[in-house]
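Take a look at the structures below.
Below are two complexes that have chain A in common, paired first with chain B and then with chain C.
Up next is the complex of A and B:
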């Protein structure tokens, strides 16, 4: 099998010092590391080499981590087609991986690799140097064997960046280990989030809930009647943002320019048409359609997004965290279709719409139940990871 | 059929803050190409725009100077179009929530009637790169200079309140004066720091509905704006007269042929809010603080000049149209120069001399102190006006005090009655014919005799005393 790496760091790891000393971290080629190729998985950026380190990269290095390379990724991180996220950890080439999370990619990759996957709160980690696609929804996801490792990583990279003005003015998070007292910890279960599961998936989810109950947690049934709108809102707002923002990835500057054009205008059109793959192209076209032909639909989607955010906040405030099915609604091997892609991420994309943190925990080895997806209110990242740590420690993985 | 025009203006003004709008690169578009660039203004993948506080303040001052209402919540949008001068595919501009709304400027129409031209809104946006077209061998090539990319602009959009080229010109002059006053921009159409597009439509005189408008661009002086509007009114009136429909499009002014020509339209669609530049929230206190930084504006200053210095309305308006000129004038009066003299010499001598040398008043070698010293010598009759004009020209050549130049050139005026009396005696003796003319009632000969005395003094005689002494002398002998 060929390597999951798109690029390997030829430099030897630096002398270790700092909290992450000795850990090897793999990034994706959408995160700027000075001098590394950064094509973000797209032909449109085929020749682009990053000029500067992303803030995350700087902070990882300051904490003593060494970057071992960049793994293959889907085009601009949209979906998982062509992505090899998670494999570097599985093959022990890396202790952790950074994976762009636009609609749940880091969590789905974690399901496939049977590791932990975490999407931090929106705005908690600097996006400077991140070649993104959907600015208001994307987060740099973290993959590792344990929530404790993720917590250490997050401690190193989270927090205000004076070069990223888009980060909200949040107080610094407490990411120290926390004790969890199950009887005093309420976990909310959103009824509507289970619709669309197959009978088998639903049974697995039910058995996961039973595990939580057995561990002493109290479960609280909740309702979010508009849960199914998350997908629609993501699809409209996400595609419009992608279509508008992706103008800068025009292939004319960093990718191959199309030959045989009669003038610059034609050269632009042909180059862009050749640069993007079919899935991304249909996403950008869909976004352009909403922006230019159905603008009211986009405005409505923005309004519904604000409403969903409020509803989710209300639910999150009634529990210590919420639990959602962790399902890889894997797309078939056919042609890449937007509908399939959205179907695949139907149970993860809500957290990208709201900006809340979400954590995937794999099931213990040989367990009869599925993994869990936990989510909390925005900036409850510390609490969520502590809960994850507690749950993982109930069934230590004999590694 | 008689037509009337409906004209609205869109004015782009480049702010003169030290850095660009979303990065720390120097705001000096004229430097060596692509020198003032960074990943942000080159729009590299992964770059994040960071709004400049200085640009926001300059823009807010400009709005307040025009009486516009700062919006406590304003935000940037992505204006999508693709063109090689905008390689990232969208321009950051404020389409939905502009920085300010309302405001306006009083102008006078052709009949001298006061009229208020209203401002619809003012928004901020980033400038795009500059394209340079060259020929390499036999191949035409286009180069992109990013020095201008990300330079802070404001766009002032007026209501369609103008009906003649004159009104548009008056508005632009007044706007330029006001913006210079608050110190936000030099507003030079020649240098491109002020760019004007005009939206023009015509309709039968007295009609109330608006017809399809045509946008005209590419005028690089205020005069050209007037010419282009006049041409476009004529062109549209003729085509409506001929029964042709006016279509919505953009035209370019050709200053050589003095015509407007249609241009290919750029693709433009609705803007979406930029998710990366945070919404700008401005507190009441912040806006009040900005307002307290506003200087006295031209109209207020002109009114004060009339009241305080006894200038005519026209003189006061002239002086206060430019903050440097007004400041220079007040510095002269503070030095004790009579207001009328200060006004006269500034307007007719100093400003033309500075313009001729392509200098700026605020950094010219003729400082208010040196100019006042010169005018003081003139008012104290130590030199005459001709000598003062001579000395003024020499003030540009060095930093000598005016008195030293006067002495070195021997310009000091002769006012001594004895010395002048001797000269007058000589001239009266030599010019018997002129004296005879005077005797026959020909008053013109008086001026002739004064001229001869001035000539005999080498131009140094004090003409006032010469006239006085000559009068007495002639009275005695006639």
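Up next is the complex of A and C:
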């Protein structure tokens, strides 16, 4: 387990040309690269090899990037247990990494690796060839040293894919560099997003805000009284969708089949018992509970989701972007528990519920704060990354 | 306190100015202006503002007034006065006056409320609050508070008015209100019965009536001639959003009458009932035979508020070269269509082809559909080139086509498939295109239903029930063809596509009844077993009679235009047929089961109601086909317990917003420039490379050993 890589590409990079020429990119084994093992971190897909390139992979290659390997990941990318995301950049084995963001994994991985982490707007990047888990919330996250690199990557992979029929008909985004004029830029601060922080975390967040003020931005206090409900909605809707998504791992089309079953039903029960780890299994059974016995809870969660989405859109429309604490709420050791996993992502999962873009910026070297999490309205990715670039350039990082 | 002098809040008027009054009711809302205290006092009749002023009320009264909270039950004495100019409140009926309080009695205090009861703003121009977006289960759990809200109160008052109107009208026509038993026998027909165990007769059961059908006919045999009842009926059916396990129907039966009697009677009654909701129905109600309803609207519950009638064009294509139509016609099929006039702007080629032809029409059971748009004097379509000029001209004439019209046609070897797909399509189009006029009511009678339907076994079965009279009596009970052509003397009252009620003239001649049973293939012995005591009554000179039943909850809901029938029922069950207020249905004690002889019915383990429920985790593990190891159980049980809390929280916070399932829904799943094609990897078998076992070009699984 020493290497962060699950699989390393033995092929030498082809003669590069294109905007990403020369850059090395690591993916996770939930993204199809023809011929590479793609187990999505789960026994359910052990030994599965991808047949084709995912759309993202094709586009990265077309832009001249070379794929250097797939990093170890948590089961289906849910949480960060077992994930080594971010380490390939730290060790300079890769210039950028793709990390599935179900509830904030790419941003938390970026915190751990002290690099930039970005979750694009929902639906902006094709998911064809991605082994997902929560279809209405997931995005392929991007990790790199700078927002500028992320912007270049996003430019290469974003946009319509006629083979991904889950993509909404959004207009193409303008991802060209933009100038930021701090005095004319308002950054919203949602008061309720700070509840649950420890005194120390809160102090760090305050000093992050001070940094924004010193940089000339005007801060606007905002209120979203129901912020704590994001976690409720994610937990209910996410588990129902995961439980449906995981239905396909049936040991018939792929995945190992358990021996000794007397009939089809037993084959499913035994194979799927072995396919999923305890954390994911508890999540899937929770989803089954909502689907089969308490469906009204799922519908209610979708109602709350509608309300939260509307409220968040209203806040986002009053500022150029919003700033949130960047906190890894990890509970420490012990067995993997669902409640702890959700606690860990309490400050990031809102963006998955609303589908808005979110960017983590690490603190400048030696700074006494914790980095920033910026979020904007859906499809404001270009603006958000430009803002990130501006902020990073205030304190150039010495290598 | 003597309440005999009490007046009603909502009935005070400027005429009462200067009068000393005693009022009682609930604190609807209050405003404290630093010593000066305004309260909205509400009773069933309405709201009046009462004022606690330190200049008029004793200090001690003002002190107690300051401690009032919402929904405290109080009585006050005071003087009516005109409000100062500019402080009138148009939100309430008594907005031009107020009562200056001199005495206050707190009759009962109230806890903090689970939701706001008040919906009348205290000052002009302020937005009114409303509990409409409170989760319905919470409203039902505290239904007694919900009933205090004026909207629900008004619904129940009007429901009472409608019921009174029914009683007075039927009384004036010589009908007697007679109650029939609620504890009765299980009938072999219809939906599932609710059963009630008998203690005196262990292991025997009463059934709650699905309708008083049998008793009302026996009342006619008993010479009551004209009967009605606002009867509670019970049906243990599958859950539907707007269905209640118990409901109220107006049940009517009369002797020595024919169909015209009921048309006249019910039309007059319906006009009176709808008038209570301010809705004028025009008489006479149109009548439509079942056959015409199916042919022109695709349903036996036609919604006549809009056009979009179905038109038969089978003959237009009798010589067609278009192979799909020709094959269908060769198999005896039919082609029908709808002209959607002037809607080509909203029904683009893309919408017609990708939404309607690909997704919507197939979901209604048809294999496909053909569309044409009338543009610049010609009919354009993706298949227009397959039709001859003569066919296109005939279509234009038949549908009376003008530019901007859109034709949709469905062809199928089965006429039933064509009409049953066009019926819902007609509604879908009308809703989507906004063709249904608001506040419009189109009642009609649907008549001449088929008496029998064909069964798959080659016999026939009653469409309604076997006591319904046929349109003629000289049929041969063994001639299936002839039986299927018989019409019944049944009639349905349909309003805006909803069946409000229905009934029929019954058979009173025992010879004819025998013939019907013979047609149904029942032997004498079987009929005696099934309908014994009932048929015996017809051996003693039964009068010609008939009747009808109207669903009153549905009718009241339609008249009051409420979003669900639960809004017009005082204590309804929720969507899951449960009562959040009382917790019904609930488990019962072993002692109760033992008393009615239901313990150990099917062996030592079967304890209905109190039987050990199957472990929930085992159940979920089974339905999701995920095995759970012993050491995983405790952790997963914890997660499920937390899930219950999440569900509870979600129901408390749900609100009334429409649920969303995606933050960026996909409008059009068909992408330009893509074509359906078989994957090359499927052909080569490469697609199966990840499968654990393959046989030939298929996945392999073990044989079924069960």
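What we mean here is this: the second predicted complex is superposed on the first by the 395 of 399 C-alpha atoms of A that agree within 3 Å, B and C clash if a C-alpha of one lies under 4 Å from a C-alpha of the other, contacts with A are read in each partner's own complex, and residues count from 1 in each chain.
One rule holds for everything that comes next: contacts are C-beta pairs under 8 Å (C-beta built on N, C-alpha and C of every residue); 3 or more make two chains touch, one makes a residue touch a chain.
Since we're looking at a predicted model, the values are computed, not measured.
Trainee: Classify the contacts of A:292 with the two partner chains as first (chain B alone), second (chain C alone), both, or neither.
Mentor: Both partners, chain B and chain C.
Trainee: Between chain B (first) and chain C (second), which, if any, makes contact with A:255: first, second, both or neither?
Mentor: Second partner only.
Trainee: In the overlay, answer first, second, both or neither for which of chain B and chain C A:365 touches.
Mentor: neither
Trainee: State whether A:264 touches chain B only (first), chain C only (second), both chains, or neither.
Mentor: In the superposed model, A:264 contacts both chain B and chain C.
Trainee: Once the shared chain is lined up, is A:54 touching chain B (first), chain C (second), both, or neither of them?
Mentor: In the superposition, A:54 contacts chain B only.
Trainee: What's your read, chain B or chain C touching more residues of chain A?
Mentor: C
Trainee: Once chain A of both complexes is superposed, is A:216 in touch with chain B (first), chain C (second), both, or neither?
Mentor: Neither partner.
Trainee: Let me test your reading of the model: by the given contact rule, A:19 touches which partner, first (chain B), second (chain C), both or neither?
Mentor: In the superposition, A:19 contacts neither chain B nor chain C.
Trainee: Go through the superposed model and pick first if A:136 touches only chain B, second if only chain C, both, or neither.
Mentor: Both partners.
Trainee: On the A-aligned overlay, A:127 touches which partner chain: chain B = first, chain C = second, or both, or neither?
Mentor: first
Trainee: Where on chain A do chain B and chain C both make contact?
Mentor: 48, 51-52, 136, 163, 165-166, 168, 247, 250, 252-254, 264, 268, 292
Trainee: Residue numbers of chain A touching chain B in their complex, please.
Mentor: 32, 38, 40, 45, 48, 50-52, 54, 127-131, 135-136, 163-166, 168, 240-241, 244-250, 252-254, 264, 268, 291-292, 295, 298
Trainee: Using the touch definition up top, name the residues of chain C that touch chain A in the complex.
Mentor: 135, 575-576, 616-617, 620-629, 632, 635-636, 638-640, 642-644, 646-647, 649-651, 653-674, 681, 686-687, 689-693, 699, 701-702, 704-706
Trainee: Contact residues on chain B for chain A in the complex?
Mentor: Spelled out, the residues of chain B in touch with chain A are 39, 43-51, 78, 80, 82, 84, 87-90, 142, 269-270, 272, 274-278.
Trainee: Taking the touch rule as given, give the residues of chain A at its contact with chain C in the complex, in rising order.
Mentor: Touching chain C: residues 47-49, 51-52, 122-123, 136, 160, 162-163, 165-170, 226, 229, 232, 235-236, 239, 243, 247, 250-257, 261-265, 267-270, 272-276, 278, 281-286, 288-290, 292-294, 296-297, 299-307, 309-310, 335, 337-339, 353-355, 378 of chain A.
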